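Chain IDs A, B, C and D follow the sequence of writing; residue 1 opens each chain.
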Amino acid sequence: MQLGLVGLGRMGGNMRERLRSAGHEVVGLDHNAQISDVTTVAGLAEKLESPRVVWVMVPAGVTDATIDELAEVLGEGDIIIDGGNSRFSDDAPRAERLNKRGIGYLDVGVSGGVWGRQNGYGLMVGGAQEHVDRLMPIFNALKPEGEFGFVHAGPVGAGHYSKMVHNGIEYGLMHAYAEGYELMAASELVTNVPGVIKSWREGTVVRSWLLDLLDRALDEDPELADLSGYTEDTGEGRWTVDEAVRLAVPLNVITASLFARFASRQDDSPAMKAVSALRQQFGGHAVHKS
Amino acid sequence: MQLGLVGLGRMGGNMRERLRSAGHEVVGLDHNAQISDVTTVAGLAEKLESPRVVWVMVPAGVTDATIDELAEVLGEGDIIIDGGNSRFSDDAPRAERLNKRGIGYLDVGVSGGVWGRQNGYGLMVGGAQEHVDRLMPIFNALKPEGEFGFVHAGPVGAGHYSKMVHNGIEYGLMHAYAEGYELMAASELVTNVPGVIKSWREGTVVRSWLLDLLDRALDEDPELADLSGYTEDTGEGRWTVDEAVRLAVPLNVITASLFARFASRQDDSPAMKAVSALRQQFGGHAVHKS
Amino acid sequence: MQLGLVGLGRMGGNMRERLRSAGHEVVGLDHNAQISDVTTVAGLAEKLESPRVVWVMVPAGVTDATIDELAEVLGEGDIIIDGGNSRFSDDAPRAERLNKRGIGYLDVGVSGGVWGRQNGYGLMVGGAQEHVDRLMPIFNALKPEGEFGFVHAGPVGAGHYSKMVHNGIEYGLMHAYAEGYELMAASELVTNVPGVIKSWREGTVVRSWLLDLLDRALDEDPELADLSGYTEDTGEGRWTVDEAVRLAVPLNVITASLFARFASRQDDSPAMKAVSALRQQFGGHAVHKS
Amino acid sequence: MQLGLVGLGRMGGNMRERLRSAGHEVVGLDHNAQISDVTTVAGLAEKLESPRVVWVMVPAGVTDATIDELAEVLGEGDIIIDGGNSRFSDDAPRAERLNKRGIGYLDVGVSGGVWGRQNGYGLMVGGAQEHVDRLMPIFNALKPEGEFGFVHAGPVGAGHYSKMVHNGIEYGLMHAYAEGYELMAASELVTNVPGVIKSWREGTVVRSWLLDLLDRALDEDPELADLSGYTEDTGEGRWTVDEAVRLAVPLNVITASLFARFASRQDDSPAMKAVSALRQQFGGHAVHKS
């Protein structure tokens, strides 16, 4: 089927290729004219036959502006899909705004990173059944070939909510492996840490795709010597903790993983300076001067 | 090759079958005479040709007694393997005791649970290269068919150490999924929680064998209504945290996972009673009476 | 000086008494006519001489409505103080609304609980210097007699912000004592747990007012047998964690204390059910049925 | 009464002075001849009248050697007290060794740091009632003047156990204040962080001796600019977590405080390097090179 696709970056660009390989007609729009199929949203709307379907795959900061711009050139019966990393709470207001113009809205959490073009993308979809039905050919082309990788998670917002939780879990999984890696690296006994990690890829309880990637990273750099521990976070982890607080759900593991990222970006910890100051005050403990 | 195998429980029994399917001769000994091939350790020793190899697969509490009993009937050039869940710090003293009699020792962490018979077992081995070389036919039969699932992790103790860390990671992974599951279940938006979990099995960053098992559990009981949250722990998690403390490695995620198990077994938390008492004292806050 | 006081509950009622003991004229308004000095906000405004000062001490849920009602009857040069447990982010919008009418605004975090009438209240104030200056006679009467207990923390919002952090710290302090209490209670060695707690009240590093209260609670109920661990939380703890997330500050201790309260209110943990389900799946571990 | 005191460092030296001010006769022994009253343990034993009482106040690493040396020159009816930071599990074996020679043993946890000479020391005592009774004049001189500061916590070991828990709590308390300090310092609203801390010293729920010390530290260095966050730990925190693991008590707050100290001593976190490596692998996320 025919699909408009706004945003042809690392994710969007790969998705266009995967969709085209599956025989779909994709009209892509990007700031970068060299990779763009059309030059304006108006041009995009013109190029698509009614009822139109436009997938938005842009950075979270410009999603609302992009959607509002599209709403001006789309109309009754068209559908906009947001496949970016929006906060779930932005979805319902958006759907309502679009609904007033007769435009449908789906929110889709997309997982798989740079590997998605080859392996397919995990898709978590929120929205009305009729809109999901219309998009199934596209979803089927984007998802992996097996029986999994797609879910209609609930009403508008449920797609991004599921993706948020997915990423929260991802934080926890990554950190669990990372802690085990650090402990083995600190021990005197395990002399072949990368070998142990590699061995776990089959037969063990901890085997996973992330473990495969950790093995791959250690193949390239057995002591991770070229990397710094400074680690960004990208929104979903924070939203997960905000939801934990809102819903009174104790998420100790995921929160600890997020906080470890925060700490990784501090040159020195103000909290630990305060601890250090206290120790000096009551115990005359020798402390390190900065 | 020929192997003595002491302990034919859930793990040992399955291993005997996997080894026999691969053409090895296994002489099994168990308390349960009905499944035993011989009736005493002396009988086991007699049945094996020198140099003998005996794999011990008994509960951690009786491993040392079993090994000491075996040491009496084995001798120069024989090898004992402990494949049970021993604490790594028990391995070196054991190896030394056996070494005085000319008996070799290998410690093997075995992962894979009840699925190992079919999928193969993840094996992490500690000990001398010459002993590992002797056992390779056995290891090759037990491990999965692919290129992974076996590692010679280091000297005596390194096998159980790696397995300990494996299980520590396992605690963290399980808890990360569990937290995500609980958050989705608490949200109003995700109306198809088991469907979301199932969808993650392909294409996503969080796909793993444990996720497959969570999906399987939800297939059987979509709301986990038949289960209690009361959860045991089996030693390796505690040893992992003890090692974190000894080596000054901050393991927030794995420790939180272990502590959550401790908390799951408390009817009421004495700590929270103290918090409740304090709130009552300073604020006149209404508290719940037990 | 003269002060209007809206809300004469546990906190407001005690504050009125402390202010009157200090020679101030307090005109109180409450839903409860029996303790009220006037019957309506209009009546309150009439009873006060210009420029008027009205302190609002009502539950967080009705603060904005109360302030808006007051704004109708107050005017140029008057000041409204919110001493309740408002979220700091509500303060700036409020101040702006009032500012349009020429009414000043101060936000005051008030600590001390039911003990404040006797010991004085800890006051953290946000707002303009001129408004703070006008209120100093009132602040001086409410605060403890010593040199501490009052701070002008910053502009509008800083008072409630400081109080929020105060309460976040309070969560952590309470939980630290509570954990130590639980560990001693679990040990075989310490046969006189309440005695140890009592002894800490002088000479030790951990002495504090909260410790005094814990001792008091144990005097009344040495095993806290009459209390349940079920513990509410009242907003500030959650806001503290939200701020940690917003500002990327790793607050492991305070967050763990908040999450422990969440957990204390669960009959069974959905997360631990999921862990239990996973253990059953991979290991055939015996699990507890609900 | 007469007391031998071995170890005249920061703690022991101050204790000698406090005891002498109270009229007791203290015979001190130290490596440093200039501050020592006798030059050998034999000389110490000679100088004391039977039944002798010797208080050992030496670094944990040499406590056993010191006690064993003393046991050679003491005898039936004498008492040795260990007031150092021994692990509680060392106490029972020591008491048994001494008991064979008819020598009594008390373990005393001593809190108060460098302030103890002036304020008195918090004392937590483990051992037999008859030995405690003999020492009461000494305990009364060392403890603060008020009604608190001393407890007979239980049998041998209970004194050091209580002190261990005291220090575990101390870790948690310090970290709770430290986190609150960091959050306020990160906020845009609180412009007078040291002022807020100072104000909390009276009237608030969080007032404590540690808070007084934090205020003192901020008076000296309002932004803690001269301090590094690098923070040592001294044994008791680790033993507390080991006990939590052994007794299955969930100590999230105290453990997080200990782990934060571990992290403060790492130049870069191996775990965060692994997280960084994973993000690079799956997402093509830009990472920081070391």
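Things worth noting here:
Everything below uses one rule, namely that contacts are C-beta pairs under 8 Å (C-beta built on N, C-alpha and C of every residue); 3 or more make two chains touch, one makes a residue touch a chain.
On a predicted model such as this, the values are computed, not experimentally measured, just so you know.
Here C-D and A-D are compared, and the pair linked by more C-beta contacts is C-D. Taking the CA centroid of chain D as reference, the farthest chain centroid is that of A.
Centre-to-centre separation of chain A and chain D, using mean CA positions: 47 Å. Spacing of chain C relative to chain D, judged by their CA centroids, is 33 angstrom. The multi-chain contact residues of chain A, meaning those touching 2 or more other chains, are 113, 175, 177, 179, 182, 186, 205, 209-210, 244, 249, 251-252, 256, 259-260, 263, 269, 271, 282. Note for the complex: chain B touches chain D at residues 205, 233, 238, 241-242, 244-246, 248-252, 255-256, 258-260, 262-263, 265, 269, 271, 282.
Of all residues in chain D, only 88, 111-113, 116, 119-124, 126, 143-144, 146-155, 157-158, 161-162, 165-173, 175-177, 179-180, 182-184, 186-187, 189-192, 195-196, 198-211, 240, 243-244, 247, 249, 251-254, 256-257, 259-260 touch chain C in the complex they form.
The touching residues of chain D, counted against chain A in their complex, run 10, 113-115, 174-175, 177-179, 181-182, 185-186, 209-210, 213-214, 216-218, 221, 224-232, 252, 260-261, 263-264, 268-285, 287-290.
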